[in-house]
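These are the structures in question, set out in turn.
You will see chain A twice below: alongside chain B first, and alongside chain C after that.
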Partner chain A sequence: MNTAAFIAIAVLTLSGALAAATLPRLIHAALFLVVAFVGIAAFYFLLGAEFVGLAQIFVYVGAVAVLIVFTILLTRREEEQTGGLNWGGAVVAVAVFIGLLWAILRTPAVNIAAGPIDALTVRRIGEVLMTDYVWPLQCVGVLLTAALLGALLLVMEEKRP
Partner chain B sequence: MTPTLSAVLVISAALFCIGLLAALSRRHAIFILIGIEMMLAAAALNFVAFWRFSPEPQQPTGVMVAIFAIAIAAAEAAVGLALVIAVYRHYRTTNVDKFDRGEGS
Partner chain C sequence: MNYLQLLQLALPEAIVVITALAVLTVGLTRERADDLATGIGVIGLVAAAVAIGRLPDSAFLFGGMLVVTPLTALFKLICLALALFTVVLARGSGFTRHAAEFVGIILLATVGLMVLVGTEELLMIFIGLELTGLSLYVMTAFDRASRSSAEAGVKYFLFGSVSSAFTLFGLSLVYGMCGTTGLNAIGQKIGAGPIEPLLAAGIVMTLVGLAFKIAAAPFHLWAPEAYTGAPVPSAAFIASGSKVASFVVLGKILLVGFAPAEGSAEWHRVAAGWAPLIAALAALSIIIGNLAALAQTNVRRLLAYSAVAHAGYTLLGLLAGGREGFGATLFYTTTYAFTLLGAFGVVAFVRRETGGDDFAHFKRLRRHSPLLAGCMAVFMLSLAGLPPLAGFFGKFYLFAAALSAGENQGLLWLVALAFFGSLLSLYYYLLVLKVIFVDDAASTESTYAPAGFDPLQRITVAVLAAVVLGLGVLPSALLGRIAAALP
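Then we have the complex of A and B:
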């Protein structure tokens, strides 16, 4: 893996995520969320999982981000200035990060470099999806259908008699 | 010097904690959903990283888990945002501190 590319993508992803979490205006946060998701997709490309990176871009940037922007526009009323972070949450997040960092840096087993790898082709992913992972695939299909119907039911106007 | 597995894990932990920060410290329901999405993406990144650095990357288990995690995150986002819209209809606000009445009016 290329160190310079790694550092550049890490800076892009983390700054996008931090901006998305702390900016007071919701629409700006949604746009920086797109930056963070593109950075994560770039990480997938860098790690050699091209298909996951493409799926990340299609699903998160193409669908989830657009959905979030639609919801912001549908529920924008007072343009509420809920800015100002709650410091208790910030303290908890920093404490969790320090704990995770301590655990990662203390574990010698994760301090390894990546070995060479055969490219993971889409053909191979398709074969595995249709053999070993066929039941999880069906379950995800049912789950997505249920989520689609549930979301429709939730936002449908209720008829009061 | 190439990046090690711990470098990727530190990035992913930072991303998780930024998501946690957004979910815990914001008052707006959509910010909380954004934070949850970030935490899910960080977890999926960890799975791919462990697959890439594993001794036998021929078996694409981590990649499969990441693909399913992305699909489930999409379903979660759809239902969560539909809930935000449904709640907004009742309370006329998306500030989670004001969701304090038991029955919808």
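Then we have the complex of A and C:
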């Protein structure tokens, strides 16, 4: 059951990602990126990480994808050029893939099954965020402030005196 | 741990964040907030430095996420000092009407640097890299009237985010193989058994991402664009603050976290590990950086390519390893940061008065401001590594550490390469000085407009030159502190 679900999700995610990387029209690529995001969320659910799966759907499928589509619709001025396949990029990607595949196959530790862990509740995540991970949480807050400020500064109208 | 203790240990960072918010408020409420914003920024940075002085000697929170040691305190102070000089030099540069926001972004980037310097944990390292990176991308693209600034910003952003993705992927592989994110624990875990291929892949990817950050060849392509296109204060901060923090982090990752996976880069007995990789990066950086710098006719591009070469020299210290090698790396990257900040200060002056930073624009610098011309001479000769300037002792300690590491001087090949590289670099640094001091008489047209620096900014550049000279005459002032602070 799990294996079948895994294969189905993997095919969905990979074909979505492949389409997003190769389709000539930007808007199609963005929509297929959403498919890939949904596939990754499905993986999280399959692994029993419901919270991360939901966050993936809310943040990536909900917010990020909509933002990308809006950006494309608002900034498109002329027809996109249909660029050919970027051979240099393809070669690097294939090389990295083969390297990683080799590393994974040669690593015995990957085959050791992980021990059972307690079901992760949102309450537990919240507790840990406010205790052990409170310093990273604060710093991520500063990071988001910087990102928001930067985005505003870059799009704001610069009035010349 | 309670929150009060966290607040006490993170007080310097908190002060800088609050200062940034105060500066932003000033920018929001006042039309001409330039001077006030600079003033508040300077006061906040000084207050943060005072707070660092009041930290306890040693603290270790959350498995290394927030570490207070003499070393982190010293480098937080150095980051604050670099930010202070940048804020002062940025005043009145006139490339933006949002001067207060620019100061605010510099302060947020400084928080990122302090987070980076003060952690020994993978998650915080990544957050620090991102906080610094995002702020620097915005600073690079800040000049909205200039196409080259926007182009530099986009290029820096694309390269930077790809490198962040590599780092994150590598770090997650390391976490997956070791089951922990603390650098000390990772070191013990790696040392306990053989290095599995997936762990090696994680280490390589982490290093590739960090090599982007320090602009080591062949991952340096963003540097010339960012240094040339960005507003001068942004370029100065990218070249100084971000470099120092990145080298501190790289050193901690390599020498604490990945220490058991070092391998060897020594001639005739190369062994697998990160050492051959770092040695290759260093050699490529020295060769490509110096050769490309020879062909430049723009001072900022020249500084960018020479920065690649300097990243190569600095990596020598990490290869040497141990207290001596890490100490030499930290000393070199610090003196280099102060030197480059000063050089960019002079570039900012010339750019403000003549509108450009090609060699030709520097021709009348000596006549117009003998003080700044003299400072530029100090900076260039220090970068070239001539005694008695700081750059000479920095290189001396680096080469000495690399030679004495291991038996039979196995790193001699790299030291020899670095030595010839710095001989080559003397030529192009002297070329800059020739334009300033010799070609002067040849040019007759007067393009200088009296719109340049206020006295405070001249004094700042002079202070930086004095620091470079002082660290050359008395290197032990800084080196002693670094050596005492290293565990």
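The working rule: the second predicted complex is superposed on the first by the 154 of 161 C-alpha atoms of A that agree within 3 Å, B and C clash if a C-alpha of one lies under 4 Å from a C-alpha of the other, contacts with A are read in each partner's own complex, and residues count from 1 in each chain.
As a convention for this text, contacts are C-beta pairs under 8 Å (C-beta built on N, C-alpha and C of every residue); 3 or more make two chains touch, one makes a residue touch a chain.
Since the structure is predicted, the reported quantities are computational estimates derived from the model, not experimental observations.
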- Counting only touches as set out at the top, which of chain B and chain C does A:136 meet: first, second, both, neither? both
- Figure out whether A:8 sits in contact with chain B (first) or chain C (second), or with both, or with neither. neither
Query = Does the superposition put A:110 against chain B (first), chain C (second), both, or neither?
reply = both
A:51 contacts which: chain B (first), chain C (second), both, neither?
first
Open item on the list: Touch test for A:73: chain B only (first), chain C only (second), both, or neither?
Closed with: neither
| request: Would you check which partner chain A:149 touches, where first means chain B only, second means chain C only, and both and neither mean what they say? | output: second
The chain contacting more residues of chain A, comparing chain B with chain C, is B
Figure out whether A:102 sits in contact with chain B (first) or chain C (second), or with both, or with neither.
second
**Prompt:** Should A:92 be classified as contacting the first partner (chain B), the second (chain C), both, or neither?
**Reply:** first
Footprint intersection on chain A (chain B / chain C) at 100, 104, 107, 110, 133, 136, 140, 143, 146-147, 150, 154
In the complex, chain B touches chain A at residues 1-11, 13-28, 30-31, 33-35, 37-38, 41, 44-45, 48-49, 51-53, 55, 57-58, 60, 63-64, 66-68, 70-79, 81-86, 88, 92-95
Contacts from chain A onto chain C in the complex sit at residues 99-100, 102-104, 106-110, 131-136, 138-140, 142-143, 145-147, 149-150, 153-154, 156, 158-161
Given the complex, residues on chain C that touch chain A span 1, 3, 6, 10, 17, 24, 61-63, 65-66, 96-98, 101, 104-105, 108-109, 111-112, 115, 123-124, 127-128, 130-131, 134-135, 137-138, 141-142, 144-145, 153, 177, 196-201
The chain A residues in contact with chain B across the complex are 1-3, 6, 10, 13-14, 17-18, 20-22, 26, 29-30, 33, 36-37, 40, 43-44, 47-49, 51-52, 55-56, 59-60, 63-64, 67-68, 70-72, 74-75, 77-78, 80, 82, 85-90, 92-94, 96-97, 100-101, 104-105, 107, 110-115, 117-118, 120, 124-125, 128-129, 133, 136, 140, 143-144, 146-148, 150-152, 154-155
